[in-house]
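So that you can tell them apart, the chains are marked A, B, C, D and E in the order they are listed, and the count of residues begins at 1 in each.
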Amino acid sequence: MLLEVKGLCVNYGRIEAIRDISFTVDQGEIVTLIGANGAGKTTTMKTISGLRPVRAGTVTFDGKDITDLPSYERPVLGISQSPEGRGCFVGMTVMENLEMGTYARPDRKSKAVKDDLERVFELFPRLKERVNQAAGSMSGGEQQMLAMGRALMAKPKLLLLDEPSMGLAPKLIQQIFDIVTEINSQGTTVLLVEQNAAQALKRSHRAYILETGEIVREGTGKELANDPSVKAAYLGGDV
Amino acid sequence: MTTTTNVTQKKKDRPNLNERIADLPLPIKVVLWILFALFLFALPLLNIPFITTPDSDFGGVLFTVSTYVLVALGLNIVVGYAGLLDLGYVGFYAVGAYTVGVLSSQHGSLPWLWCVPVAIAVAMVSGILLGAPTLRVRGDYLAIVTLGFGEIVRLTLVNSQWLGGAQGISNIPRPPGIELFEVPSIDWSTGVPVVDLGTTTTFLKFGISDFIPYYWLALVVIALVLVFDILVKNSRVGRAWEATREDEDAAELMGVPTFRFKLLAFALGAAIGGLSGALFAGKSGFINPQSFELLLSILFLAAVVVGGQGNRWGVILGAIVVSYFPERFREFADFRVLVFGLALMLLAIFRPQGLLPPRRTLRAKRADARQHVLEEGEAGA
Amino acid sequence: MPEPTNPEPVGAEPTTPTPASRPSTPATTPVDEVTEINPDVDIAPEDIGVPVVAEGERLLEVDTVTLRFGGVVALNEVSFHINKGEILGLIGPNGAGKTTCFNVMTGVYQPTSGVVRYLGKPLGKRHKFQITKLGIARTFQNIRLFANMTALENVLVGVDAHHTTGVVTAMFRLPKHRREEEQGRARAMELLEFMGLDGKADELARNLPYGDQRRLEIARALATSPQLLCLDEPAAGFNPAEKVKLMELIRTIRDQGYTVLLIEHDMKLVMGVTDRIVVLEFGRKIAEGSPAEIRDNPAVIAAYLGVDEEDAS
Amino acid sequence: TTGGTSNTPAASGGAAACGDYKIGMFGALTGPNANLGIYIQNGVNLALDDYNKKHPDCKVTLENYDSQGDPTQAPALAKKAIDDKKVVGIVGPAFSGESKAANPAFAEAGLVHITPSATNPALAENGWKTFFRVLGNDATQGPAAAKYIKDTVKATKVFVIDDASEYGKGLADIVRQDLGSTVVGNDTIQQKQTDFGASVTKVTASGADALFFGGYSPEAAPLIKQLRDAGWKGTFVVADGVKDQSFIDNAQAAAEGTVITCPCVPADVAPDFQAAYKAKFNEDPNTYSGEGYDSATILLDGIAAGKDRATMVDFVKAYDKPGVTKQLKFDAKGEVTDVKVFAYKVEGGKIVSVGEIK
Amino acid sequence: MQFLIDNFWALTITGLTLGAVYALVALGYTLVYGVLRLINFAHSEVFMYGTFAALWVVMFLGGKAGGGTGQVIFWIAMMFVAAMTMSGLIAVLLERFAYRPLRKRNAPPLIALISAIGASFVLAEIMGLREKIVAWVGLEDNLRAYVRNSRNAVGLPDIVAKEPVFTIGGYAVTNVDIFVIVGAITIMVILDQFVKRSRLGRGIRAVAQDPEAAALMGVNRDRVIQVTFLVGGVMAGAAAVFYLLRIGITRYDAGFLLGVKAFTAAVLGGIGNLRGALLGGFVLGLAENYGSAIVGTEWKDVVAFVLLIVILLFRPTGLLGESLGKARA
């Protein structure tokens, strides 16, 4: 078990965004969280990467209790997140943003970094074209690619992706999911949040459904994708 | 779309004083306001122990406090409403005071009352002249530009003989008075309050050493400015300022001519600064550049921020804190500034939103409370 | 300008979304003869010399517009037009220049060459707020609400675009102020209701859930009484069910008489709601046509759609 | 205004009342300008000690009005002093600016104020009946400084710098006028300025053999230091605002040879006072300590003579006795008649008197 | 004007030495602004403490006129050590007590400015009251020489004799002039390289632009901010030494005006931009000197501020532009 979340409660002031949720992510898995707007998916992700304080419950990573570990120490352990809303460093160039991805890598000076950079450029050629453009002036989708590339540069054990397909063109969405599958097959564990639930469920080993801050269902990707009630609520019936 | 917000603590908040007052029926509110106003007017005569400054004349201190209040209200338009950081506000204060000085004493002999509108106008124009080229400069840059403006004004006063140089301008006429009757004060020296018919203030004589009438005048001006402030803030103009402060580009794209509104805020702020300068000049009869140091701008800003930028009652409180306490605690003598600095730090740390938080924070709280009630109602149903 | 003369009573129909009636041509406001420090001067479509166009005629025309950022050519001789009353889709791969197109149309950027014509006249070097007053409103790809203002106030700022209350009017509470204030509030509430946000009028924008924020942006844009409403990825982050609702909403908006320009990556939504589609790639227009035409256009498939069994449905 | 004769305790005669009197000390006692105020206050305290020793059961106390030298604070403090009916006279206000702000109120209330240090000539021109000054004003010091530069320094090219302050500029302007064509250049600096690069260049380029600086010691020290660093060899002449040991401490070697004019009397002119001062404060009397002592003594003599606030003005007007600094007698405007200006010189790190400028 | 031409080199060299001090102090403003978007109002006091530390160490070591070259070098080295340590320490303490508590409470930016102003008063007053404070503690006898007349200016013992090294256009450039200008530029270049090469530089910018995302990258925000203050403080310490050598005296309120000027220099060059601070400092120093020569020394500060306004009108983000990011519409 790479990640274990147990009895997690997170508040925004008096508002309880997450109530007592528990789930696990095993080594080598792709696990998806799906749920409506405001269900608490982003909050869950932020809590795992330490950006939100925990009111109750524990988060265990790689056998280590990281509930109270400061956020900036988590990348060192191998947790990397591509945040919702991208969170690029708008005043830095594309290259500098990618370099920021390696900030916490112990082997940041080694050649491995170069290889990873090449790989990111291969995945997103647009980034290579624009290495010296300020991230803030990139288009929405380009920034999304950058955020993803930056997360990959950290070479994490656990990759947290919060709506990676948001704002991407259909063709690219396809690619993104391919990429997720590929890096997973190379050994990276992925926790995915997606509105594009049909695709996500198809690709993931297991999934949880979050509703108003609580986990209401769990199952394998296939199970949930074929469940009629899930279909109706999250996969969008016919238009 | 399911929005979910779950309220956990079911703690019932008692309505705070503010809300309870807000809930009172209108006639009672009016009566309360009138009583409060009367109290304010009587304050310098009541000589309330502990509140009255022991080491300095209370009437004079109250006048100083009221100029700070006035200035804070003006600066609040610029800083609190429009979100423009102004570190040179003392410049407008000086422009107002010197306009009166120049017209009534140095190069003319207009009566004080005539000079006041001119002072307001000149200050306003100086605000526009400063703002028009510099308001396009972004955020914190404006701070240093305005700071520079304040210094330019002061140095010009020091170095220009036409404006009286370092000697300043004396013999500025006082406001016109009508002496109607004497108002007695209260004497506490025996431990119980006794009406003291010996120490009185003439209503309304603007004399040399009795500052109470000046304080009364300042109170009236503050009331007028407050009404103005409330009316303007609760209108399209106020909304435009708020939107501009929140997100200038978005505001512009929603049809707000942001530059003009910023300039407007600047001009109005400057006008009020000029007005307080004019009051100050009329009261002291003598002005020199020493009274318009950079430090004053900083104190003004501190008043606004410590009080709660954007909340007019907050900045009034802030102005009182900044100007009254140093006078009240003169016994700290040499350690006054040190204590004052510490107080600023502590206030910043323990009241980061200001003494009276700005309306938007209150609004957020209210919104929370409503949601709370809503949820409970649903749960009960 | 919202109902210039007889304000509708607020909340007349409390439950069902009141159709936000398309505002008529800006009427000449009865002038309060006051000299005042008025922060703005109203500019109406008449000022650029053209009356409001009729249904089906050209509302806005992008004419061989090119925009360069240093070496990047964000728009390369792009031309297309929008007819009054239609829903035009603007699609294309990431970085194709769609948002940039909006920025050129709303005065954020000046084109390097080419012109944007609105109601037959070039926009020229107008300020952003002037263009808004002429009748082009937009939402943002990254939400940009006035976070610390309430939902109602956000919309009011939009409504205010056509008001002229200045300091003096407000100070003396002149009739104009009262009228504008009353009508403005009524209209703002109407719009909130229309967007299904009437229960949240007093919430701070930043506390609203993501979806509500997106809809509030639309309400705010509608409040400026636009002829043309530009929506930049309004469905981003929505789940399929929510997207369906949004689609209906966009249709209703069009039915109210607004013209809509829509940027969106969700093909179901785009194909389902638009009348016509323009496709950009690398800053160039590569196709234009009805949804059906676009869906089968090989160039568009290659550049943008890819082959996807689900989206092809 | 406040009336209030009825408020004064009924006992205005009799032995008990004598002990109720106070004199006020009005000036900067805290804040950046406090030094001067404290030197004066020390002198005043010494005078009070003398008096109270002689009148053990009729002591007079000192009431401090700490203006911090700020004219805006002055009026409220003046009002405070006026309202305290036990205060029969004021030593101060110490600076000219605060004097302008406070004196009209004193004049209106008929409260005597004797300044030991405010030297702006215009102060005496306001018709304040209550105003007295125990030292020569700048109009007497300026010509003396000019005279010294001409006759003793024998400078042919003089550069004049002022600090734009009321005091410094007033003084420098008089010197400029008196020196006439020997002035080869002028400059104005600002208080709190520390870098004088441009001024130094102007002075050295002018070839001046003497420099008169109208201003205070915080600026004088770095000014002369930077001038000497740049190799200027002329005579540095300054006035009482620089007569302060800190000038020498800070300018060090560069201070050597500086000429200081001052309407203040050298400490050794009144050895008894000097000794008493040293005994109490563990240092030599400083600038205006003697003047402070004299001012207080006049008021205390008045108290001893049974005067109260109302009658004190006439008492001071008619006063004519030797003080520690000079013969204390005032003219119609309140200026002391026996005005002497002395020259001092910095020698071996000390300010030494080189005699009166006659 | 003729005067300016005649004395061009004298004015230039003295302007540059002054500008060097401005530039070094400006660095502190620019660095902190770069990471926190905050005008560190108390930075002037950080500088002022440095001047005192430098001065005290010379007094402690018994520095006086006429020391041999070796001694002088030793004294100056000790001045640097003392001033940089002191200023660095004060800067870090400042961050710890005036800013960090606010950050924890999510205070709006302006309140941090007020806290900074408060801290500035406190620091200046502690120095201005050191005589009394020391007397309280009961150390006045031991420390008299250091705390005497604490409201007055204090002079640095004449440890270096200023001697002309070479003459240019009639102005004899002294050893101190050269030392100040060359020293300041060297320090700047080292810092510039350090910030550019090290992770710190990237960390600073990342924190400034998006603290949350920075944390996701593993940037320890508090640590970065602390180091930023430390570096800014150390630079102010260096500035303090140059200042003392150049001006010769200091005072408890010596920081205020200089701080305003240095901040002006930072904005002039483009705030957040290290090279901008250097350029801004020199431009300001020169402008003040030339301006004083042309329109009179009394207008020196006016010249500085007018120049600032004019430059911002034409280059709204300063001479070199700011290196802070901005999102697009």
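Here is the rule we go by: a residue touches a chain if its C-beta (ideal position, glycine included) is under 8 Å from a C-beta of that chain, and two chains touch if they have at least 3 such contacts.
Worth saying up front: this structure is predicted, and the values here are computed from it rather than measured.
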item: Intersection of the contact lists for chain A and chain B; value: C, E
item: Remotest chain, chain B as reference, centres from CA atoms; value: A
item: Whole-Å gap separating chain A and chain E, where each centre is the average of the chain's CA atoms; value: 44
item: Geometric centre distance via CA averages, chain C-chain B, whole Å; value: 41
item: Chain centre separation in whole Å, for chain E relative to chain C (CA means); value: 50
item: Geometric centre distance via CA averages, chain D-chain B, whole Å; value: 38
item: Interface hub residues of chain D, defined as touching at least two other chains; value: 31, 34, 164, 188, 190
item: Multi-chain contact residues (two or more partners), chain C; value: 108, 140, 142, 209, 211, 242
item: Of all residues in chain B, the ones touching two or more other chains; value: 1, 3, 155, 158-159, 249, 253, 334, 337
item: Complex interface listing, chain D residues touching chain E; value: 31-32, 34-35, 164, 187-190, 192-202, 204-205, 217-218, 221-222, 225-226, 229, 231, 246, 249-253
item: Complex interface listing, chain C residues touching chain A; value: 69, 72, 92-96, 98-100, 141-142, 209-211, 233, 236-244, 247, 265, 267-268, 272, 303-306, 308, 310-311
item: Footprint of chain C on chain A - complex, ascending; value: 36-38, 84-85, 126, 130, 133, 137-142, 144-145, 163, 166-174, 195, 197-199, 233-237, 239
item: Touch list for chain A against partner chain E, complex; value: 49-51, 70-76, 80-81, 83, 87-92, 96, 99-101, 103-104, 134-137, 150, 154
item: Interface residues, chain B side, partner chain D - complex; value: 55-57, 59-61, 64, 155, 158-159, 165-168, 170, 196-202, 205, 207-211, 283-286, 288, 290-291, 327, 330, 333-334, 336-337
